[in-house]
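Following are the structures in question.
Next come two complexes built around subunit A: one with subunit B, the other with subunit C.
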Partner chain A sequence: MTNIAATRRGVPYAIAAASILAVVVLPFVSSSYVIDVATTIITFAVLGLGLNIVVGYAGLLDLGYAAFFAIGAYTTALLETLGHQPFWVTLPFSILFAAISGIIIGYPTLRLRSDYLAIVTLGFGEITRIVATNLGITGGPNGIYGIASPTFFGHALASPRAVYELGLGFLAVVLVFTSRLTRTRLGRAWISIREDETAAEAIGIPTLKVKMLAYVMGAVVGGFGGSFFAARFGAIDPTSFTYLQSVTILIIVVLGGMGSTPGVMLGAAIVAGLPEALRFLQLWREFVFAIGLVVLMLVRPQGMWPAPLRRRVTLPPLAAEDESLVPIAVEPGTSDVLLEVDGLSRNFGGVRAVNGVRFGIRRGEILSIIGPNGAGKTTVFNCLTGVIRPTSGRISWLGSSIVGLAPHRVVGLGLSRTFQGVRLFANMTVYENVLVGMEPRYRTSIPAAVLGLHAASEEDRRHLLSCRRLLRFVGLEERAGERAGDLPYGDQRRLEIARALASEPRLLLLDEPAAGMNPTEKRDLMGLIRRIRDGGITVVLIEHDMMLVMGVSDRIIVMDHGEVIAEGTPAEVQRNDRVIDAYLGDDEQETDGELRQEELSAWDS
Partner chain B sequence: MRHSRFTIRAGIIALTALLFGPFMAAPGSAAGDAIKIGVPVPLSGSYANAGIDILNGAKLAAERINASGGINGQKIEIVPEDDACDAQTAVQAAQKLIDEGVVAAAGGYCSSASLPELTTFHRANIPFALDASTNPQLTEMGYDNVVRTIGRDDEQGPFAANFIANALHAKTAAVIHDNTTYAKGLADNTVSALKTSGVRVVYDNAVTPGQADYTPTLTRVAGLNPDVIYYTGYFSEAGVLVKEARQLHMKGTFMGGDATNDPTLIKTAGSAANGMIITTSPLAQFISGAHGFVQQYEKAYGHAPGPYSVYEYDAVGVMAQAIRNAKSTKSDKIIAALHQIKNYHGLTGEIGFNAKGDRTKPAYITIIVKNEQFVPYQQLNAAGKWVVAK
Partner chain C sequence: MSTFFQLVIEGLTIGSFYSLVALGYTMVYGIIRLINFAHGDLFMVGAFIGWTVLTTLAATHVPWGLGLLAALVIAMLLTAVLGVAIEKVAYEPLLRSSRLSILITALGVSLALENGVLLIYGPGFNTYPHLLTQAGFSIGGVEINDAQIGMMLLSFLLMLGLYIFVHHTFVGTAMRALAVDQDAARLMGIDVENVIRLTFLLGALLAAAAGVMEGVYYTQINFFMGFLLGLRAFTAAVLGGIGNIPGAMAGGLLIGLLEAFGAGYISSRWTDVFVFAVLIIVLAVKPTGLFGERVVERM
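Coming up: the complex of A and B.
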């Protein structure tokens, strides 16, 4: 079994080695025609890898990717023909202009839903082509001619072989760049956005910035590929940058496998190579090619070489007896009240979901917010964490207002949460889910991570260690490498708590953590909540399960119809007449409550 | 499950290898007796019709040459390749032709594909005769391996100006375009040539294409009373313009550029189109020497030839003549012989090339609408005089 696994693990390396060998030997054994086809495949592979960041990783549908390709090509062409700059000097400008246009297009549109992005990018692609067709400086529909071949230490790179080798160099640069980039925390953040954007924002990912980075990084690679295209042909015109080109690049990514580097390269080889291999069919060529694509997609709906779901990782060793959280140091002199809410109201249309709520959260307590369905509990949570803005009222965290902050900023301050329904990143592994939650704690920059600087790898190691600690803390250490979506329900709940703890919050908000749990799991959860509090983290939970609430809470706030109707210890709340009227009023509920009390006392003994 | 996934993956890799198998074959091929002439044209995509028409012209030319004994005892063989009107595919098509051992190429349709093809052929020193690509840039690259049997976009303006000045003997002219790159270019070329020919340009401005009424523009032009109105845009606006010009009882001769050469114009304007003159590259149907070609084409393919097959017929013919004159299939000698050609009798007229490779006598004619039909009108003869076209 181990042997089979080892052999299987060796296969990708064997394929990679064989491909590299084939690619290097190719120009020496084949005709110029084959080399030219290979150069086209390389061009498409570069573009595919760029678009893969945008579509495959971050899940943003870009239908105008050829625009960046065009911007790179025109920048090189214009700087060479009008500015008389050598090819290599034009490269950084291509990248720069592509990045700038990525920012200009991305900034206003990325805050909208992703289907708007698809439409805006579609328009952007067409506008770029039409501008190139109509501007005098870009040569109009005739394009730009006489772009000199690049030189490399005095050798002109003009022959098919030299251009092919130049292309290989470009592909290698893009491969290293994209694979380094996607292996950093940025890569994880992109996948988390693709999986669940709201959850990503709520656990501390600055989603707008991260989406922007995906779009701009994709643009940069597109511009880079455009420069190569201009250098290869020595002439460019707008017909090379049509909507069809954007779609072709998208087909490469989808056909190859979204988010999969070898997949995208295989996709490029098929999309650019298959029509050439079918030349003998003459007029039937395109038809057979189209049928071929349909068949391939039917046979492999996830792509020819889908991105692997399970990434192996070796978590750094952790002493066997180390089971605690690292206790949060309490800064001396800070007030005992962590969070204060005053006059908090939120209207939805004419409905007052929350109406003038006032309460405080004390450091180190376990506070439960209870109340019948529709009492406004989750709305309070959403206001506290920045998911929705309160209509009026004050929320102050350690004395300063946090009203209007984006959710990821609230997380950065030390307020972390879980969701009513489980919102894990299902297609990421267990440990990756926790690592994504650590985003607010990262101090080294992304360039440092891409370059693999010592500080960055040291930080990664530290975070992996604390990831292991967290997983052990919630009891998921053994399942670190599994796909989060494959975990049993109870484990998913616990993973969500570990992910929320990953940002090292001072306050943890749990929204119905016990929903759907069996009695054993609930008992474990009570223990876990207590241990979290013992680690120095204040816990606030919304819960319907009275057994859990009464057993674990230091203090309880009862809400009804958007207002706080009672506050106190479990015993006080249970005696409160208004609570009994409003919440436990009917007989059935009361019996239920009494029953649970009996259960409770049994456990307490 | 794991194994089957692995098997599928291995299968895909094997399939890919298989697909690329044919590419790995040794370059070149067994040298037969035939002289190979490559024809890179779009055979797929939206321009496939034009490509097939051009290829048909090349095949007819080859048949005629082979029937009369070939070139210096060798037969010629047409080798088509699809360029899909796409730059990257075009390079591959040209490179494939080179690998297949063509000694010359004749063809091309979209300028955006012809240019990369030309560059590829230039690198391999293979002569390339263009039949349909009118972009001026193609012969401005300084390459010696290129000639073309069709005029260039910037030659039509001077041709039109010559006609207006020397055939119509006009004193004043109004030039109207539609602000598209092609139409604006033709208008600019015409205006500057008119000025050097001594014709006063009283109006030079654009209309917005796609409108249903151009009376305001025409009223203004009518007030200037020009002898000739030359519209350089497309046929749909031209139809409306000529109709409204007649309604305003404008006296000047109404003319159009080659983008107005479309039956739709007559459908739009009806009898108002009668008398309108169009400058255009002649269709085979309008060339007196090409009647045999038209019959042959219809017999072989069951329909009338398209606009460019006759130019391809001449491109293959002139290339064959160069090979014959060079008495060699060595590319240097063919290219040298190509530039020596001064008066090859093509179907589209006398063919000779200037240093750039453009035709010394661009093949333009004027046609006129008579009884709601396009019929040939006048053309330049060898001596540069305007004569009636038959």
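Coming up: the complex of A and C.
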């Protein structure tokens, strides 16, 4: 178990070693034409790796990536020709300006859905190019020429071979940077928002910040590549930074394999190299290339070298008999009531889904909220977890209001949830799903993780251990390396619970956890819920299965038509006349249906 | 003031071309969530087919009105066939794959169409016969060309036809159902693949009509024209709220007006900056476009 699926580990390394050898030997055995093409491939590989962060990892469609490339190139060109600064001095400025423009374009637009983002980035790319074409300082359509070659310890890097080797250096830096970056928790957070942004936010990922960082990191790499481009040619003009260029870089990423480093490099080799190899076709070259692109995509829609699942992980050892959940430190000196809801209402259009609900959640209890479909139960959950804002009312967590907080902040305070329909990150492994849920617990910074500082790797180790503990707790330890989407349904539900527990919540909200389970699975679930409570975590569940509810609950709240109609122990609730009416009476069936619709469109899957 | 109205007329004319092309973007997006990058190139192909028909007929003394009609109809039909063929070959196999892979094939098809036309017709400009007289009338100093009126009218009729089709026929209803929930539509017995093909067919028809009109109006066409116009038409579709049919019509007219005013009052060099800046501001304020999305987002 400690070493999960290390199959065929040797193959990628052999390919990598052979490629590195070929790349290093190339300038000694090739003509300057071949070296030149190889340098172009390197430039595109750098850009592809940058865009891969944005598109491949975070899943944000960017159609104007060439803008960052342009900003880097113009920064170097202007600082060299007008500011008389050496190349190496201009480099940090390229990166800085690219990062700033990443923030400028990212900030107002990241709330947009992905396809709108695509057109905004396209617009940004075009604006950048047109500004460069029309301004005097950037040399207008003629661009800037006479950019000096960079020097390296007194040697001018001007020959094709020297430029090629400089490019290799740039590529190596970007490779190390992106591969380290994407292996940190930030990399996992990016994949999680690509898989399911709403779920990511709801389990504690600050999605806006994480998307912004994807933009900025992509921009930084683009700017870096732009500087190299300017140094390589000694002259730049706006035609190198067109929309077509952005699209070419996008093709590299998707054709190679989104989120896959070797894939992106292969994509760069195909997109930049193939047209050169097709020169003998003369006029037909572009046409054949275009058809080839379509055919390649049809044959391999997932890309030439798709990113593998990260199955390989060594979870730290955990004593065989240790089956406990991480003990939760009980806050000293606080009241017995964890959460208080008062006068909570929420309208959808003209429908009052929740109407003046009032209840409290006591520390250490198992509380069930039941009621007919459309009673407003999930809406209450959504209000508690910040997914929707209540129309009115008060929600206080340990005495302070949490109304209006973003979902990830609510998770940070210790309120975690699962969903009515399973919302796992299907294309991540089981253990990664749990690790993503630990985001609110991380204390070391991303730069520390990229640099591999001791504190960061120590924290990673601790979290892997706790991940293993959680997986054992829900009975999924043996499946840690599997793809989450491949698990059977019951296991997916348990994984969702483990993921929600990963943030070390004090209160766990389960939305219909038994839906779709068979009787055996339900009995197991009952045991699991009790063990969670025994581990010090208060549990609130919405559930329709009465066997489960009556068997596990300390207390039950019954809702109907958006109001609390009864509250008490299972025995009390079963005897309550209003509850019996709500379940058996059918005087207002129609409104139920409408309400259900509203609720569906708001959240449920 | 008369300059202002002159620009309005000019803007509405080119805007109606944008609207016709934007409709194709918006319908395809509404149904399969694909930004069909090849769509602008169908407009270009339509213009070239129209040119071929017109120049062929010019030698045969067919009355120019009839020739124009023939060019329009033939271009629309052939482009529609091409549009459906592209869907069948390049998109349909990928409908269940990741949305980005189908986006890349669309880019590939776009490049293939541009380079295919380049191979057949060459890189230069092809000139449409000068069919339109400058005849027209003038209201308070604003010159209105008969041709402009005709084109706006034709565009309007085509859009009206589309609107009636989508809202008042069975197949149109199926199309709208599919946009809301493809799986549910399939379960209700709708032939999903056929409806998708029909959507591409309609989009191609409108694009080809716009292509021929653009050729007649500006007389100069070239293989790259679809790219530029496609970009603006796509912007128009997003501005109006992508997936929203009336939104695309309005968005197209708005982009046309912005372009005319940008060129008239600022400088044509900055037109695109102007257009995209407006788009970004609109989206920052109203993230689903001016008229919102017709399609609901499922969660």
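Keep in mind that, in the parts below, the second predicted complex is superposed on the first by the 575 of 605 C-alpha atoms of A that agree within 3 Å, B and C clash if a C-alpha of one lies under 4 Å from a C-alpha of the other, contacts with A are read in each partner's own complex, and residues count from 1 in each chain.
The rule we apply is simple: a contact is a pair of C-beta atoms (placed from the backbone, for glycine too) under 8 Å apart; a residue touches a chain by one contact, two chains touch by 3 or more.
Being a predicted model, the structure only gives us computed values, none of them experimental.
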item	value
Which superposed partner A:Ser240 touches (first subunit B, second subunit C, both, neither)	first
Contacts of A:Val176 with subunit B and subunit C, given as first, second, both or neither	neither
Contacts of A:Leu250 with subunit B and subunit C, given as first, second, both or neither	second
Partner chain in contact with A:Met304 - subunit B first, subunit C second, else both or neither	first
First (subunit B), second (subunit C), both or neither touched by A:Ile20	neither
Partner chain(s) touched by A:Leu283 [first = subunit B, second = subunit C, both, neither]	both
Touching partner for A:Leu135 - first (subunit B), second (subunit C), both, neither	neither
Contacts of A:Leu451 with subunit B and subunit C, given as first, second, both or neither	neither
Partner chain in contact with A:Gly146 - subunit B first, subunit C second, else both or neither	first
Those residues of subunit A which subunit B touches in one complex and subunit C touches in the other	133-134, 283, 286
Subunit A contact footprint on subunit B (complex, rising order)	2, 6, 8-9, 12-13, 16, 19-20, 22-28, 43-45, 48, 52, 80-82, 85-89, 91-92, 95-96, 98-99, 110-112, 115-116, 119, 123, 135-137, 140-141, 181-182
Contacting residues of subunit A [partner subunit C, same complex]	55, 61, 108-109, 111-113, 115-116, 118-120, 122-124, 126-127, 130-131, 133-134, 198, 243, 247, 250-251, 254-255, 258, 283-284, 286-287, 289-291, 293-294, 297-298, 301-303, 601-605
Residue ranges of subunit C touching subunit A (in the complex, touch as defined)	29, 33, 35, 90, 93-94, 97-98, 100-105, 107-112, 115-116, 118-119, 231, 234-235, 238, 242, 269-270, 272-273, 275-277, 279-280, 283-284, 287-289, 296-299
Subunit A - residues contacting subunit B, complex	8, 11, 15, 29-37, 40, 43, 133-134, 140-143, 145-146, 158-160, 233-237, 239-240, 266, 269-270, 272-277, 279-280, 282-283, 285-286, 300, 304-305
